[in-house]
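Consider the two complexes below, in which chain A is the common component and chain B and chain C are the respective partners.
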Partner chain A sequence: MDSTSQNTYHDTVVIRLIQFSVFWAVAAMLAGVWLSAELVWPTIDFGQSWLSFGRLRPLHTNGIVFGFGVSALMATAFYSVQRTSHTPLFLPKLAWFICYAWQVLVLLGGLSLLAGYTTAKEYAELEWPFDIAITILWVCFALVFFGTIANRKIKPIYISNWFYGALIIVIAMLHIVNNLAIPVSLGKSYSLYAGAQDALVQWWYGHNAVGFLLTGGFLGMLYYFLPKHAERPIWSYRLSIVAFWAFVYSYIWAGPHHLHYNSIPEWVQSLGMAMSIILLAPSWATMINGIMTVSTAWEKLRTDPALKFIVLSLAFYGLATFEGPMMSIRSVNVVSHFTDWTIGHVHSGALGWNAMITYGTFYFMVPRLVGRELYSTRLANIHFWLALAGTMLYIMAMWAAGVSQGLLWLSVDQIGELSFSFKDIMASMTPYYLLRLVAGIIFLSGTVLMGYNLLMTLKGQHAVKVNVPAVDPAYGVTA
Partner chain B sequence: MSSDIHSGLLFRSLYEPSAAFKELASAEVEVPSVFFKFSLWLVLLPPIFSLIGAANFGWRIGAEEPLMLDDQSLVLVSVGYFLVLIFGLFSTALISSWMASTYGASASLGKHLALITIVGAPLAIASIAHLFPDVLINVLVLIPTMIWSMYLLYKGIPVVLDTPPERGMLMASSLVGWLLVAAVSLLGISMGLWTAGVGPLLGV
Partner chain C sequence: MSGLSLHKKIEENTGLLIFGILFVSAIGGMVQLLPILSQESLETATQNSHLYSAVELTGRDIYIREGCHVCHSQQVRPLIAEVERYGPYSRADEFVYDRPFLWGSKRTGPDLHRLGGKFSDDWHRIHLLDPRAVVPASIMPAYPWLADRDASEAGNIEAKMRALTVLGHPYTEEQISSASAELEGLKEIDALIAYLQILGTAYSEDSVP
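And now, the complex of A and B:
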């Protein structure tokens, strides 16, 4: 464990969180690959309930979001908040506690899902004891993060910290409100909300988990690590601030687009749709800011394999944040809803944006954290092409499958009866699911390569001690 | 410097792309000559193939029975397909030449149009798969072709537009971003039109 000296950054905890994050990425993506194989060969659950689609699927999503995603966000938040505040982490022992306790929580939570304990709320499947544990750990995370900012030696609070801060505050709010429930036993609770109200609260949570965790949190990562990679300041700092407030304001309204043509008032659906379309503006403002920052630093691509991941992640961020508002339009949604197009959309974000920017960031951080070159640039380059090919194949397969499904189950004959049965439609999807399985294997193998590459880079190394630099008096807190 | 591009350039770009890109780089190209010599004919291929395929066999989208469209819908869809491709071609060329100054690339619109035509050529030719209007066959043929087209885009930009490979990579990625958005817009617009009653009959 690194010393508690006031003059060096606490980076060992960052390394540990990165290791856990990579572990969960491999484990949860493996679950995803298995799930996609089950859609092709349904009998490979071998009659075991814990291997069934219904139990493995939340393990996949929770493993990616809470295991891979949150561990990566904690690692990058701890790394960047120290450097942008010119002060070591506040309560470093608490940071270590969060680091390990979070992994225990994801592990036990995952096992409880396999055992069949679930609230049946998407992305909030964990039962109430885990929800309370998440809340406590999240408050600890907030203490370390905001405590470090409060201790800062530099007056301005850099934009990445605004995004990480929004992540912490809004996720706390969403998690607590959506998981309010009446427990009836240790493993079962009932939501405090009923019927359509429950659905609205759930999708207010569900969509903003995507918004503030998978978008906002990762934008924090982008705003710190992209300028670092490029060795350039962000193209327009003012645009980043405008985009932040516009993003925070408009995202929170967009949830009802998950409930189009459902039993919620039509005006609520229209409001959700309108706010989803407005959301395109702040999303693309950030994309343009990122692309313009990197466009002047093209020489770095010669020496930095990680920058390619970030460049491409911006392209997929642009796609996903355009596709989302478009799919929220009701006349598009009537075809796309309940089809694999939605799954493709989620993965263009999760693989193309979240995973790629995290990979780029890890390739950047790990060599710097231990003070040595990356074990293999060649492996990182191979990983880049595997990640790109896997993502493209995944999206294309799901577009074709989704549009076919949407068309088929809306087709009616002359007397208005459905032309095709659900069972027949699903049976005809096998070839696309096979393509998606191949895509998943390609993407997973890239992630495994990265795990090996980072492991070899870290092997036998310790975190480099980085002293807190002196603050320019013009920007000091007392200035 | 030659004054115009050779008419065999497009053909060569299919089997010898690097040499074709070099030839294009040293040529002076005008938009009308590129469009009428190359682009227009390529852009005509997919709608013609899909019109013939869909009229004779109907689209197989996974169900037992193929989806047969009436003649009026077929013509409407095919003309729409052609117009969308023309829009895609010109908008991509315009966006590409608009981006050129950011990436230190040549800004001649003719060259951008020629480059986008060469990049899209394999896809236009592979659209022969539309003669067999089965979604899966088309996906299996067009995805590898699309990967080849992406390779041509990354390979072609630095050579044709005379910019360092690293800057070319950034520009190509920006264009890929635009093309992905354009592709998904096309999906969205199609859905909107279907819902409004153009094309297949949906129960909405």
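And now, the complex of A and C:
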């Protein structure tokens, strides 16, 4: 077939986004490793303000969420929306613009965080000029994505696109409402909300940034790449429909569980807790749907590192979405709140779920995008075990640290006096923090290995130029 | 029309899908946010509320710039152990001038909401410049640059107070016009200590209804 005579998918932009995503993963994880070392050896910031824990930590979180996460989501969204719509990207030049503009934004935003420009609201630390830039780029992303769907050659909109769609729409809503502020200068603004009201708006945002970006967006990845890779259809399309709407409806209520026993009205804490527990149902419905989809293709796990990553990520997804509702119960939260347990929980999601599924899809996509085999399956298998070991060690260290912090802080003796001083409890954390540092290094080295593996796979891509036809002849549809 | 055929419509229409997601996801937020954002007791100042002076406000913004909130909460929960460790539990009316709120999500170091008055200014100065000089086991970073920089360089204080006035903070013209003079001669560390020393001090047990 003459591939020049018909539309081809725009895949070069996907490759570029994958490269940026891997770059941010390494950079932001390196920042994370450095941060964990600072908690063991507090003087390794060398008296430099920009290396100071309070400034470096937002760079770590923002680098992971917006650099690694969003670049990966854009890459996989652009890849899958073309293939599920049987049409090339709408406004491909705009897609290229988003691809580069987003990286510039993450880079400058990261530097501004190191310089101390911050709103102090978690995952929304970037100041107002960046917030406006994010909004504009997000609208462009929506245009390309929904434009492609509107141009689709088949009637139904495939389920993965709903999740990517929910990511785009809900994040836009949360981002705009939470970041409303009065600017004072280019690098400083004051939140439109104060005190308790600000807290509730922030955690409505904060929880659902996790919900619709780190969960919803990556579920989009799952629904496309898992069935594709397992070569099995989704086990139950109807279950995925039900789970989708239940997810979109109930996630948004869960924010107040970040404010248990804080100075906000109790009814909203209780409501947030109840809805967080309900959230377990749609979360696990999706997990079960995923597991059942691979259940007749287990033998592929033996030979295919990419699928191994995706299936393992599903297990961690199940773990994190079980742990979350448990931690939202007030009597559990009273122990876990403010402790390293929270950090462990976040990482069981971010390392075990987000990073692993992304690694799986990258190992899947890159060889297909360049039309050659993965450079080294052996390296990918080593990466798999490094990622698993790193994640397990990380969350176990943080469980131990967090649970002991929580219980020791609350502990009082028979006459009601505090059993332990804060200082002593803090000092007893060093072994856990050391373990966590080791875990971080293990996980990071796996990621570096993947970067090398993918780079070697990409090398010489110009030798084999693939033009994937927009309409897969296998579907028997004519454009 | 059965549920499935209704869903078939949404499933095949981009506009309906977008609208559906927006509508379904907005419900929870509206039920929780609208009552809280319109609850006057959460935004009305009482005798427990403290309007930050020019120096304290500058100190607070330095606290934010250095990310102190990343490791220190400002929220004493109503639990026996916390009240014993830190002092009276936090009340919503103590935060009505907090933009943004700094309750935090992690206590790598102790809670700071009732810090004001517990240590001397000198202790804070030594502690900020070299935490391990006063707390040997401390893992807090040192902040040597705070002693070098002038407080007046940490943002335009008048513009800040005017912006806050727009948001309802009752600063008088005199307070705003004398703000720069108040920062004269102070280093950033002085402003930060001024802020740390008023933390949680406006609250008094007598004011509890």
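FYI, the second predicted complex is superposed on the first by the 449 of 479 C-alpha atoms of A that agree within 3 Å, B and C clash if a C-alpha of one lies under 4 Å from a C-alpha of the other, contacts with A are read in each partner's own complex, and residues count from 1 in each chain.
Basically, a residue touches a chain if its C-beta (ideal position, glycine included) is under 8 Å from a C-beta of that chain, and two chains touch if they have at least 3 such contacts.
Predicted model only: the values in this text are computed from it and were never measured.
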Contacts of A:Thr8 with chain B and chain C, given as first, second, both or neither: neither
Which superposed partner A:Ser376 touches (first chain B, second chain C, both, neither): neither
Contacts of A:Ile169 with chain B and chain C, given as first, second, both or neither: second
Touched partner set for A:Ser411, first chain B, second chain C, both or neither: both
Touched partner set for A:Phe322, first chain B, second chain C, both or neither: first
Touched partner set for A:Val403, first chain B, second chain C, both or neither: first
First, second, both or neither for A:Leu435, with chain B first and chain C second: first
Touching partner for A:Asn262 - first (chain B), second (chain C), both, neither: second
Touched partner set for A:Val332, first chain B, second chain C, both or neither: first
Residue contacts with chain A in the superposition, chain B compared against chain C: C
Intersection of the chain A residues that touch chain B with those that touch chain C: 334, 405, 410-412, 416, 418, 424
Chain B residues within the chain A interface of the complex: 61-65, 67, 102-103, 135-136, 139, 143, 146-147, 150, 164, 166-167, 169-170, 173-174, 176-177, 180-181, 184-185, 187-188, 190-192, 194-196, 200-204
Touching residues (chain side chain C, partner chain A) in the complex: 7-8, 11-12, 14, 17-18, 21-22, 24-29, 31-33, 35-37, 39, 42-43, 61, 64-71, 73, 75, 77-82, 84-85, 90-92, 94-111, 131-132, 135, 137-145, 155-156, 159-160, 163-164, 166-167
Of chain A, residues touching chain B in the complex: 287, 291-292, 294-295, 298-302, 308, 311-312, 314-316, 318-319, 322-323, 326-327, 329, 331-332, 334-336, 341, 389, 392-393, 396-397, 399-400, 403-408, 410-412, 416, 418-420, 424-425, 428-429, 431-432, 435
Residues of chain A touching chain C in the complex: 38-40, 42-43, 45, 47, 49, 52-55, 57-58, 116-122, 146, 149-150, 155-157, 162, 165-166, 169-170, 173, 177, 182-185, 188-202, 204, 212, 241, 245, 248-253, 255-256, 258-259, 261-265, 268, 271-272, 275, 334, 337-340, 342-343, 405, 409-412, 416-418, 422-424, 426-427
